[in-house]
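Both complexes shown next keep chain A, but they swap its partner, so chain B is in the first and chain C is in the second.
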Partner chain A sequence: MNTKTIRLSAIALSVAALAACSGPQVRYGDAKAVETVNANYGSTDLQMIAEAMTRSLLQSKAISGSKDAPIVTLADVKNKTSEYIDTRVITDKIRTQLMKSGQVRFAVSVSEMQNQTEELKRQNQSGLYKNSTIAKTGNMQGAQYRIEGSIASIVKNTKDVKDVYYVFNLNLINNESGLLEWADEKEIRKTATR
Partner chain B sequence: MKKYLAILMTALALVACSSTPSMKDMTVRMGDADSIQITDMRSLMRNGVLTAQVTIQNDSKSNLVSYRFKWIGKNGMAVTDEEPWKPVTVGKGQSTVIMGIAPTPDATDFRFELNQYK
Partner chain C sequence: MKKILLACTGMSLVLLAGCASKPPAPVESAYIGQVPADPPKNPVISAEALKADSKSIAVTDIYFKKEGKNLTFVEETRTTTDNNISSTIVPKTIEVDADKANASAITGGANSSAFPVKFTDLSDPKATSPGTASPPVPVVDAATPSNSSSSTNAESMKRSGYQSNYEYGELRYLANPIRGLLIKSGYKVVQAKSTPAVPNQGDEYFDIVKRIKASDFGDADYVLYGVLAEVSSTDNVSDVPGTKSTSQQMTLEVTVDFNIVDTKTTQIIASFVASGEGKDVQIDGRDTGYKPSNAKLMKLASLDLAEDVRKHLADQNFITNNPGSAGQLRNLKTRLNDDASTLKVYK
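Coming up: the complex of A and B.
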């Protein structure tokens, strides 16, 4: 092996090592842009569902017609699709948007109750806090309404086409009377072709 | 003659002041959205919330249209963050009606933003 061959091999190895070290190119994208990577449930679906439900709910008589901002709590949104969908993210997004509107107040939901009771216990039972600053027990406010719903899908596949249809359903139920005060749905169809 | 001219000028000035923005002024086009026509645009307050209705017609080959509303309150300030772009499928030569509801009762005016996505 002559000197020239050794030098060339060294250069080739260096180039290969550099190529292996350089990672993927990273760029920030627009979080509000339409996402069409594949036909699975995605960010645009989440945003569209949350927006449609919030706006429709804000316009309902139960919310817009009440004098004070009604107290609402989040109940379950059941995922009846074959995909994994974190339905909590949808309801949280709806809650955030409703809170921002200033038309609704939210009571802690079932999933947040553990933290709420633990905090009250800590303040009231530990004996560590000044009496005048303690959050008293027995003053929590019950929600007038609860929000619950479901998401379902129909998926059809052929060799070249995948068609997905989502329907998201949301209901506002009066906790005292058990009456359905408002309901709306959002449909989404996505088709992926090869 | 001068009197009539003065009246005419005043009337013209008044018309100019009281005119509402046109559909063209209320539409913001982004990207390659020139071939999408706005054929109708109206709004009203429903249960205390501004509701807008826009009819669009697609004259382009691509049917990948996306839109969003910008809700404006006092002093021309946007009432919330930007909305996500929402895709809508409109075939060539077809038209569709798009409804938008303001996110808060503070919104008094809106702009309609159009785009195409890939």
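Coming up: the complex of A and C.
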């Protein structure tokens, strides 16, 4: 074994060791890019649903015909599919887009009430705050409407094909009258073949 | 010739331009130097009536009539020894509120355990006539020692009933915010003479016309008087949905029947029922044993009552909306300056 061979071996070993330390490769992708990894519920479905529902809701008479931006709250979106879907992400995304439009104001939803009551309790009942600056108990604004809905799916499998049909349903309900002021649905069909 | 032709052409053009122009637009409403007043809506509160001086009004304290019931127990112990009968009568009287008495065993109400006797109205001859009231139950005193040589027998009889009484008076804490809003509305508020209730007072206590004739309200043009219809306090606890907390809500609610009477004609100018609510909300208050401040509740209730009175007075055109606002003061000043003979027409 000559000196040249030894040197080359040493360099190769060093490169191999460095490569082992560097870990997996990470790269940023486009968050809006269409995701087709499999037929399960994914980010593209979330974006399609949120966009379609927001557009439709903003065109509804209850929202567009209102003189002042109506106060709305988020209620439950039921997951009736066999998959685990965090429906809160869907409604949060819809809420964000509606808020950006400036045509709707949102009151805290039931799931956010714990923090709200704790804050009110801290300000009103601790005795630590200047009276004129306290956010007083009893002045929360009630929502005129609530948004609720459901997502359901039909899944069919063969040896080579998986067909998934999602239907997302959203309703805007007048809290005082109980009337359904607006409703719309978004259908998504995904087929995966081997 | 050329000059004449040019002059004729010029004239024609001017005439054509005149015909083509739109008709003159109506003169826009313009207020110069003075803002128009709201037209006086209530026939009584006219510009003429207010021209020299604002009208004066007396506001009474809130009258109330409280029903009380005297519960009377009569315990009679009759002791029979051979041929002698001696009797000891021990009367007891407890004064309770009417609602407590009504909720007692008479109706099988919630206070049945607190007042576990059947009460009868002692002033009602039907209730106390024989055969209608429950017969007294003789109770043999078991503690009495029996003697074989001389027979001694003690019987205890208990009777009970109630007598209604009524208390009349004035609540002195609720009317001041109402006086304040009337002052802000431009009225002169006159102090009313208080009316102490006399012994065996009846409903003539509320006879406002009698009091007007007795000059209890000085030279006031109007008298606003209210009679307390109901006062209730509640203390409820409810869950706050979506949290682990509860909300303790303590409320004091007063409902008052109001009338405004013209002292000259005794005509009722406005009449309504107003209510006010004082509320204290405490999150998890029951857990911490929170006690509400009655003074705070009373203040909130009186302010809320005044606000409701303001709405009703505005609805019935006795005052303008938003008393105390700059616009209202301006209107009032204008109304005071206006004279029916010098009415201004604003275009």
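Observations on the model:
Note that in this section the second predicted complex is superposed on the first by the 172 of 194 C-alpha atoms of A that agree within 3 Å, B and C clash if a C-alpha of one lies under 4 Å from a C-alpha of the other, contacts with A are read in each partner's own complex, and residues count from 1 in each chain.
The definition used in the following text is that contacts are C-beta pairs under 8 Å (C-beta built on N, C-alpha and C of every residue); 3 or more make two chains touch, one makes a residue touch a chain.
All values derive from a computational prediction rather than experimental measurement.
In the three-chain model built by superposing on chain A, chain B fits alongside chain C with no clash. Once the two complexes are overlaid on the shared chain, A:110 sits against chain C while remaining clear of chain B.
Applying the stated contact rule after C-alpha superposition, one finds that A:44 touches chain B and leaves chain C untouched. In the superposition on chain A, contact of A:91 is made with neither chain B nor chain C. Judged by the touch definition given at the top, the superposed model places A:61 against chain B, while chain C stays out of reach. Set against each other, chain B and chain C differ in how many residues of chain A they touch, and the higher count belongs to B. Of the two partner chains, chain B is the only one that A:100 touches; chain C does not reach it. Of the two partner chains, chain B is the only one that A:33 touches; chain C does not reach it.
In the superposition on chain A, contact of A:79 is made with neither chain B nor chain C.
Between the C-alpha centres of chain B and chain C, as viewed from that of chain A, the superposed structures give an angle of 110°, to the nearest 10. Figure legend note: chain B and chain C, brought together by superposition on chain A, show a least Cα distance of 27 Å. Contact residues of chain B toward chain A in the complex are 46-49, 51, 66, 68, 80, 82-87, 100-105, 117-118. Contact residues of chain A toward chain B in the complex are 31-34, 36, 44, 47-48, 51, 54-56, 58-61, 64-65, 97, 100-103.
Per the touch definition, chain C reaches chain A in the complex via residues 240-245, 279, 281-284. Residues 109-114, 117-118, 120-121, 124-125, 137-138 of chain A touch chain C in their complex.
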